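The following blocks contain the structures, represented as structure tokens.
Two complexes are shown next, each including subunit A; its partner changes from subunit B in the first to subunit C in the second.
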Partner chain A sequence: MGEMEQLRKEAESLKDQITAARKAVQDSTLQEAAAGITVVGRIQMKTRKTLRGHLAKIYAMHWSTDSKLCVSASQDGKLIVWDSVTTNKVNAIPLKSSWVMTCAYAPSGNLVACGGLDNMCSIYNLKGKDGNVKVMRELAAHTGYLSCCRFISDTEIITSSGDCTCILWDIETGTQKTVFAGHQGDCMSLAVAPDFKFFISGACDFTAKLWDIREGTCRQTFGGHESDVNAIGFFPNGNAVITGSDDATCKLFDLRADQELITYQDSSIMCGVTSLAPSMSGRLLLAGYDDFNVNIWDMLKAERVGKYMWKLYIPLENGRKVDPAEDSEGSSRVAVGTEH
Partner chain B sequence: FKHSCLKVEMSSKTLSSGSIAQARRTVQQLRREARIERIKVSKASSDLMRYCGEHAKNDPLLMGIPTSENPFKDKKPCTVL
Partner chain C sequence: MPVINVDDLTDKDKAVMEVNQLKIEIKLERWLTSKCCEEIKEYIQAGVEEDTLVKGISEEKNPFKEKGGCVIC
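And then the complex of A and B:
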């Protein structure tokens, strides 16, 4: 038997082992465990603020850790930092490349980052001495578009790319510290664990992967989706992962049980999930869809308990799209970015 | 539409079409994933439920926010007499 054939057999055997090991701990289901609790009451959401200023499609937004400021990126070529309470624009940063697809706010509040079809992640210092916001670093190495970026600190950032890899960068030197390779399709989004030791990525190979940041290895791979995984997030305590896919479902994967616990789906929902965020307690899941809606799910009962429809509030024109919905930590604020 | 023109067609990077080095890496990765410790689903579920229960009172979407504490809600202006 040639080595190739041997390796193929070993791979198949290992896959079977993983399937068996997952089944061996399946003594129950989340559905059964949650049978005794009641579904949460209907959640009504009210638009409190509309942040106006972008002139083209908003592709991404990210809250600051203070839950008041947020940054949004639009294909009008601008990064805008908003005070969500006053709706004032704190900064309007012109970008070299208008084909931006993602943006991020550093936990410190000092930096923001963005990137897109330029294949680069550009870091901006908001707290420069002369008050002007300038490009601090341009992180270039990806051979595909930048789909997502998230700061670990002011000196480290993780990016995900259409080149199927994620990279951990040293911002000060502008160099790659670690390349996380393994996905077999474009990486679409990433999320960092609350303890900053791990991160998860969702990709067009229909899987989500859990990566050990310091070791540079993939610890676990979660399959089950039937199409691209566009959105990903951690359950608040870091023990579970939520994914959103073009297959119109969201899934909850438990990291310690190493498997899917539940799927959030409804026969009336036929369009892809573009973004998601859990509420503070983890009980609710807010998910943004391609049909301009945000559906609110009871995460334990897998039932829809609310819906936020843009159509009710803003007249739509052809081609409008609801982009990221994100619930900031420590608050009830949900920001929905659109083309409007 | 969602960047369909940008997404790489999922190539069938199965062992049969990849190189030996790629196949070795795949096996090494699968070994890594196979050997992790797993807890029972019943424990995983009850831990998640417990977390939700313990933090429900701090979840504004579940509990609502009193107007006085909601920075987004327009409050009635005060007049100084």
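And then the complex of A and C:
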């Protein structure tokens, strides 16, 4: 038997053992635990604000920790920082590369970052002395597109890439601290744990991985999806992971049981999930889909309790992707970006 | 932490990495799903009353409420 064949067989055997170990602790389901609970009433959401200004597809947005400001990135080559209450543009930052796919707001509110087909993560200082927003660092090392980035602090940021890796960067020196390798497909998104000790990544190898930021190791791998995992987020208490996939489902994985607890799916939903966010208590899951809808799920009962359809305003560009719906930590604002 | 250059890894390197990773994951101590489900349910129920997306919010408290009145330009 060749070496590769031997290694492949060993991997298969280990995977079977992990499956058995997971089954051994599977003494109950979330449906059973929630059997006595009534489904939440129908959720009606009302558009309160529309942030207008981008001239092309909006690919990403991220809330600031103050839940008022947010940053959005568009392929019109701009990063815009919005005051969501007044709808004013606080900053409009022109980008070197307009092929942007992701953006992030630092927890401090001092920095924003973005990146995309330029394979780089560019960091901008919003609080520069002369009031101008300038590029502070360009983090270059990925050999594939930048799919997502999230700040740990003003000095560290984690990026995920189409080169199948995630990287922890030292922003001051612009160098890589740790490369997180292991995914066998493009990394599509990442989320940092509420305690900042771990992060999770979703990839085109149909899995989600939990990484220890300081150790630089992968602790757990969650399979089950039948296609690319495009969106990922932590359940609010940090003990579970929510994924959204091109297989049209979302799944809830518990970190301590090391397995899936429930799948959010409906036979009428046949298009991929592009983004997701849980509500503050974790009772609701908002998920954005490729058909322009945001579906709202009761996370305990796995029933759809609302649907938010994005109405076409003035179409400026043909396109089909609905972009990230994101719910701010500790708040109840949902922002949906589209291509208008 | 050493920085790996992923492009330098051969197929065999990647296969060895995968096997080593699985050997780590096998050792995980796993909780009973009944305990995990209970915890999730309790966490949600403890917070759901304050969850604005579930319960709604009064117009006065809503920072996004429509502001009435005149605007002098």
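Details
We take it that the second predicted complex is superposed on the first by the 323 of 340 C-alpha atoms of A that agree within 3 Å, B and C clash if a C-alpha of one lies under 4 Å from a C-alpha of the other, contacts with A are read in each partner's own complex, and residues count from 1 in each chain.
As a convention for this text, a contact is a pair of C-beta atoms (placed from the backbone, for glycine too) under 8 Å apart; a residue touches a chain by one contact, two chains touch by 3 or more.
Predicted model, so just to flag it, every value in this text is computed and none were measured.
The superposition on subunit A brings subunit B into a clash with subunit C.
When both complexes are overlaid on chain A, the residue A:C204 reaches subunit B alone and has no touch with subunit C. In the superposed model, A:A140 makes contact with neither subunit B nor subunit C. By the touch criterion stated above, A:D246 is placed in contact with subunit B alone, subunit C being left untouched. In the superposition on chain A, contact is made by A:D290 with subunit B only, not with subunit C.
After overlaying the two complexes on the shared chain, residue contacts for A:M270 are found with neither subunit B nor subunit C. In the superposed pair of complexes, A:G216 makes contact with subunit C only, with no contact to subunit B.
Using the contact criterion defined above for the overlaid structures, shared-chain residue A:L55 touches neither subunit B nor subunit C, since it reaches no partner.
By the touch criterion defined above, A:V179 lies against subunit C but remains apart from subunit B after alignment on the C-alpha atoms of chain A. In the superposition on chain A, contact of A:G162 is made with subunit B only, not with subunit C. Taken together, the two complexes place residues 3-4, 7-8, 10-11, 14-15, 17-18, 21-22, 24-30, 32-34, 37, 40, 43, 48-49, 68, 84-85, 164, 182, 184, 217-221, 235-237, 239-240, 254, 256-259, 261, 279-284, 299-300, 327, 331-333 of subunit A in contact with subunit B and also with subunit C. Residues of subunit C touching subunit A in their complex: 1, 3-7, 9, 11-12, 14-19, 21-26, 28, 30-41, 43-48, 50-54, 57, 62-65. The residues of subunit A lying in touch with subunit C in their complex are 3-4, 7-8, 10-11, 14-15, 17-18, 21-22, 24-30, 32-34, 37, 40, 43, 45, 48-49, 68, 84-85, 143, 163-165, 176-179, 181-182, 184, 216-221, 235-237, 239-240, 254, 256-259, 261, 279-284, 286, 299-300, 327, 331-334.
By the touch rule above, subunit A contacts subunit B in their complex via residues 3-4, 7-8, 10-11, 14-15, 17-18, 21-22, 24-30, 32-34, 37, 40, 43, 48-49, 68, 84-85, 101, 117, 144-145, 162, 164, 182, 184-186, 204-206, 217-221, 228, 230, 235-237, 239-240, 246, 254, 256-259, 261, 272, 274, 279-284, 290, 296, 299-300, 327, 331-333. Note for the complex: subunit B touches subunit A at residues 2-3, 6-8, 10-11, 13, 15-16, 20, 23-24, 26-27, 29-34, 36, 38-49, 51-52, 54-56, 58-62, 65, 70-73.
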